[in-house]
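Order as written gives the chain letters A, B, C, D, E and F; numbering starts at 1 within each chain.
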Amino acid sequence: MYHHVKKLMYTVRVGTPDPRFGRMLLEQFGGANGELAAAMQYSIQGLNCDDPARKDLLMDIGTEELSHLEVIGTLARLHLKPTNVTRSAAEADPLIAICGGGGVNLFNSQGNPWTADYLKISGQIEVDLRNNIAAEARAKIVYERLIDFTDDAGSKDALQFLMTREITHMKAFMKALDSLGKGALEIGARPPTPGVVDQYFNDSTGEGDAGKDLRGPWNQGDGWEFVEAPAFKDLMDASGAR
Amino acid sequence: MYHHVKKLMYTVRVGTPDPRFGRMLLEQFGGANGELAAAMQYSIQGLNCDDPARKDLLMDIGTEELSHLEVIGTLARLHLKPTNVTRSAAEADPLIAICGGGGVNLFNSQGNPWTADYLKISGQIEVDLRNNIAAEARAKIVYERLIDFTDDAGSKDALQFLMTREITHMKAFMKALDSLGKGALEIGARPPTPGVVDQYFNDSTGEGDAGKDLRGPWNQGDGWEFVEAPAFKDLMDASGAR
Amino acid sequence: MYHHVKKLMYTVRVGTPDPRFGRMLLEQFGGANGELAAAMQYSIQGLNCDDPARKDLLMDIGTEELSHLEVIGTLARLHLKPTNVTRSAAEADPLIAICGGGGVNLFNSQGNPWTADYLKISGQIEVDLRNNIAAEARAKIVYERLIDFTDDAGSKDALQFLMTREITHMKAFMKALDSLGKGALEIGARPPTPGVVDQYFNDSTGEGDAGKDLRGPWNQGDGWEFVEAPAFKDLMDASGAR
Amino acid sequence: MYHHVKKLMYTVRVGTPDPRFGRMLLEQFGGANGELAAAMQYSIQGLNCDDPARKDLLMDIGTEELSHLEVIGTLARLHLKPTNVTRSAAEADPLIAICGGGGVNLFNSQGNPWTADYLKISGQIEVDLRNNIAAEARAKIVYERLIDFTDDAGSKDALQFLMTREITHMKAFMKALDSLGKGALEIGARPPTPGVVDQYFNDSTGEGDAGKDLRGPWNQGDGWEFVEAPAFKDLMDASGAR
Amino acid sequence: MYHHVKKLMYTVRVGTPDPRFGRMLLEQFGGANGELAAAMQYSIQGLNCDDPARKDLLMDIGTEELSHLEVIGTLARLHLKPTNVTRSAAEADPLIAICGGGGVNLFNSQGNPWTADYLKISGQIEVDLRNNIAAEARAKIVYERLIDFTDDAGSKDALQFLMTREITHMKAFMKALDSLGKGALEIGARPPTPGVVDQYFNDSTGEGDAGKDLRGPWNQGDGWEFVEAPAFKDLMDASGAR
Amino acid sequence: MYHHVKKLMYTVRVGTPDPRFGRMLLEQFGGANGELAAAMQYSIQGLNCDDPARKDLLMDIGTEELSHLEVIGTLARLHLKPTNVTRSAAEADPLIAICGGGGVNLFNSQGNPWTADYLKISGQIEVDLRNNIAAEARAKIVYERLIDFTDDAGSKDALQFLMTREITHMKAFMKALDSLGKGALEIGARPPTPGVVDQYFNDSTGEGDAGKDLRGPWNQGDGWEFVEAPAFKDLMDASGAR
């Protein structure tokens, strides 16, 4: 059961409204990495979760993200309000101006409607926690970029608060993952096929204007078997080159 | 530049075609966690990547996923072929039967068209690698579930191969992330606000048919400050209860 | 700011899980007329609203719908849980079974992802209240149909509660619209063109297997000017028939 | 059966083409509240309708909306034609310029493709008429905003005609609803639960930068039972505060 | 300007309603190759077209497709009506049953909403006519498959009529393309680069379970220069094999 | 099985990055007529194809399109890179700037995500080849328009190469269609109904600001039976005018 208190989680102040920045802010309201996506991803994972402790964690953070949705929505609303007034402001976001009368809606910075395709909900707790760590990392970098694109002090403050909370959540999800006690590569119940699991396929080779072939800990040492260009090898054999 | 060799990366054998299972297999052809999503996510991250070593990694695995797309597509095709022949088979997947004549297309198990909204591409390497670790974890659990839903030996074999490779890739992406040398909570350039970053908000409380309030390493110890129900506290204050 | 209490707004009991009914229930979780659509439509209208009294109304009901989302989600989850266990249950909803491991997600009964295109948010209070009256009417009829398709007593109870609340909200939105004091046909600020506004165009005529031409209070009396088939008239003139 | 006459329902004149305004006009061509949405919503409701008189009404107005689609499309086309000629005009709507060669398509002002998710078709006449009243209200306010964003006299004239017709339709749908003789809160066949239906849940409370708690005819008098913050009450009880 | 006559273009009779076949029929109502797609594609091309003769052709056929939409919709409606009555019929198409009360909507056989992404509108007449020839070919094969999946004589009759008309339209579009007098490979104004345009790249080579390498008039004779595996050649050179 | 070689199929050089042009280029990366659509359409048709020779053709060209995807993506990336740096560049494409950090993704020029709804895959070879001829014609005209909107020599060169290859492919698909030996109007197996197939319905008539009625080889001669306005005739009869 939910309750709403008529106070924002972080105070929102805006100097001069900047509709084109307001449009950018919509990324975190109705965009792929935004607050609704976070709120829904965690809350629904929580609803599905059979592990009571992590269910609680998912509901705590899922609920906090609803409060963030309200903060970013209020901030975007203040920047977009003039789109209903002048033609030049309307051009900043015609969809908000004409259909919304300057009010926000669950669109991203290019007017795409929010879709549940943004969500990663797997029904497997060690997978969902990884989904959430990645989601928080994305949200963090998006807030950082938004901060870089405005000079408005009040906007920067609110965005810094929201950005900070993503790191908080990332840490919490990492702790929850670690405390499961599963191996770093252990997902679900079926083991991978030994041998095959250690083969690194060098499927992109050569050197040129699209990169060069390099090595690193992701394909050498630590049990890796390096397999040189499986498809190419087959071609070479077929052509009798070797 | 790409080249195609007319040999599957893993041999595909099917006993009796099972159209309803074929429909399930489409999840990994045109679905949210499927092989096209993986191929595009990694290859486009690679195209954008300025770090030559990790660019190579992304292109290697992105290219391998194209070969996986071919394997899973061939497998699904074999199971779905009868949808063009009998009415009862057609009912298993009317879209494939009527629009595709029994041929596969980039739909998922419920006929939704593949969409780039499935992709997580951030333009920030430490974020993209986390996106990829999560993507591989999802693909692994999906393959595991598919294996559990068929008795066909050839199908199981091919799915086991594809499932195994997801763990291979997960390991490679983890190594690539670790070798960046950034802190576990360090994303982008802007630091979070000290203090605020350590506060855990207990935003879902009480006990009942929707769970109970619990503690764990994600909200106690290790520098956490536990903040009891911020919105509720505000309500309590407002009601004069405290 | 939001807070979550770990108790459902209405107790959910399910006898024997019925996955195919669970799939139908998803209409009210992630479907076009479902609880998320209601919660988002009203809450975002509230966020945009400059009329403090109706803003409060919108937030009250928007928040209640979040609690309904939790109730319907829990009910659907109970019916869909077996999709992860048996192949025949999985066939009831392959997307939930394979991608969700039997857990719910924001899909409708055919697996379409929830989209903000479902929302009707206009930034004009007399329009939004009409949007909401229509939305509640749709949700009411959908709940009625769901009740008709199950024999499970616990499911029927919960659905009856949710159905009842839609009528409550419909009444509240109607009162709020009436109390605005605007005329029944007064929308926004610009008046319609006199004369033209009273013309009823009889653009579908004749009688046959696609209906017949009839009259009613929507095209006769009360100031209506009945204009017979404007396009046809033009054709008749052109053909010299009159 | 349909017939097309090569004459617009309203003459369209444009002075200087204004591509950025043309893009705005696309809202009423291929947008959520536009003429195709209206034409399809009413015509398909009509196709499904078993009440011959209201079926006729739905077909009359559904057909008229097709003629409006042609008018607004012609108007948008005139404004967008230069996008194929100069780079600066192309920037006004790159999708129309590059993919359409300056020709219109069923996109909205931000290039989103028209989707049937815009439609509200319920198969229940008292619901569909409410859907239509709301749809006409939305279309009216959108036309009003478009008129406010242009100085072109010919464009204003055509938009005023189209805006006026929305009020005509709204009146017709209201008459058709009233003449059904059902109660204002009577939807479908199942009655709501007495008692529960009269409870107003005050789920958003307190006072602050997100609003304040207010009363009105939507939550007092006329049989309403005012229920103070159900979730909060539960929390208060749990905390022993009362 | 459009006018609707209350008579179907082809009489629709249905013996025993077959909801699962009704669902299949939706492909031609709200599906990718269906009648709305055809009606909109041709009518909007017509609206954009500056060539008066082909504009007339596009409007003639675009209007006929609206009449086809009505025929196929009526047929689907008859087959889907029982979905509102029994649970087993409802399972044939839960979206139609629960949201539509057994009435049709612009969905395909898997419940996907119609989208303007189905349309191919280019603003270039020699391209649009090719788009239309391909569209008619798709619609023809879809009708053929539908006929093969039913034994109902009335349904077969109506589908045969609709299928036949696709060939009529295909012929008309081919005549209109031929009469333009442009070369078979002449599109737009810019000529392709000589030499490069005649090179056939053999980018998929070898022989195995994914096919074999073959020749035909599409890569030999008639001016073709056959380029053997450009990427492979580069690899071979790099590996020093040649 | 696929292999990637780290060399572009055509060298990409960019003088001064032009983010607004970069956004236009995305049409051919993640847009409706772009290279991914081509690659997937042909490769999946190839995977489904039972005719070994045409399967080879489809795989050859499908693979080449993957190399084109890499070329156009690299070109777009160079133009869009500054969107991550300055606010004014970010405004050229806020989605790429904020979510992608200046990196490309599978969006079109208006930020719409790529969708498999763009694909035309029929499971019938004579239909698929027509789909492909039309697809190549669209891609050709799009490249031509892009060339017209830039002055950058390197961009023009690469686009000219890609444009040229579309004509190459168009020719190959035409040859493959011709060599099937089916009649120009022969699709699938069921013949159209004689007589009905030769009737041209003049469903759009009259003369005015929406065109005029004209004749051409698509409705006269060559066996055509010209049927004057079927719906109108019916109306005339009903009104007793004749």
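The rule is short, and it goes like this: a contact is a pair of C-beta atoms (placed from the backbone, for glycine too) under 8 Å apart; a residue touches a chain by one contact, two chains touch by 3 or more.
Keep in mind that this is a model prediction, so the values were computed, not measured.
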Chain centres computed over CA atoms; the one at greatest distance from chain B is chain D
Note, CA centroid farthest from chain A's centroid sits on chain E
Interface of copies chain C and chain E: same or different residues on the two sides (over or under half shared)? different
Of A-B and B-E, the pair with more C-beta contacts is A-B
Between the Cα centroids of chain A and chain E the separation in whole angstrom comes to 37
Cα centroid separation, chain D vs chain E, in Å, comes to 30
Expressed in whole Å, how far the mean CA point of chain E lies from that of chain F is 13
Where chain F touches two or more other chains at once, the residues are 1-9, 32, 56, 59, 62-63, 67, 70, 74, 84, 99, 101, 107, 110-113, 115, 117, 122, 124, 141, 203-207, 210-213, 229-232, 234-235
Note: in the complex, chain B contacts chain E through residues 1-8, 11-12, 70, 74, 84, 87, 90-91, 93-95, 97-99, 101, 107, 110-113
In their shared complex, chain E is touched by residues of chain D numbered 1-9, 30, 36, 40, 44-45, 47-48, 56, 59, 62-63, 66-67, 70, 73-74, 77, 84, 99-107, 113-117, 119, 121-124
In their shared complex, chain B is touched by residues of chain A numbered 1, 3-5, 7, 9, 32, 46, 52-57, 59-64, 67, 115, 117-118, 120, 122, 124, 126-127, 130-131, 133-134, 137-138, 140-141, 144, 147, 160-161, 163-168, 170-176, 178-179, 184-185, 187-190, 192-193, 196-204, 210-219, 222, 230-232, 234-235
Residue positions on chain B within touch of chain C in the complex are 20, 23-24, 27, 31-33, 108-112, 141-142, 145-146, 149, 203-213, 229-232, 234-235
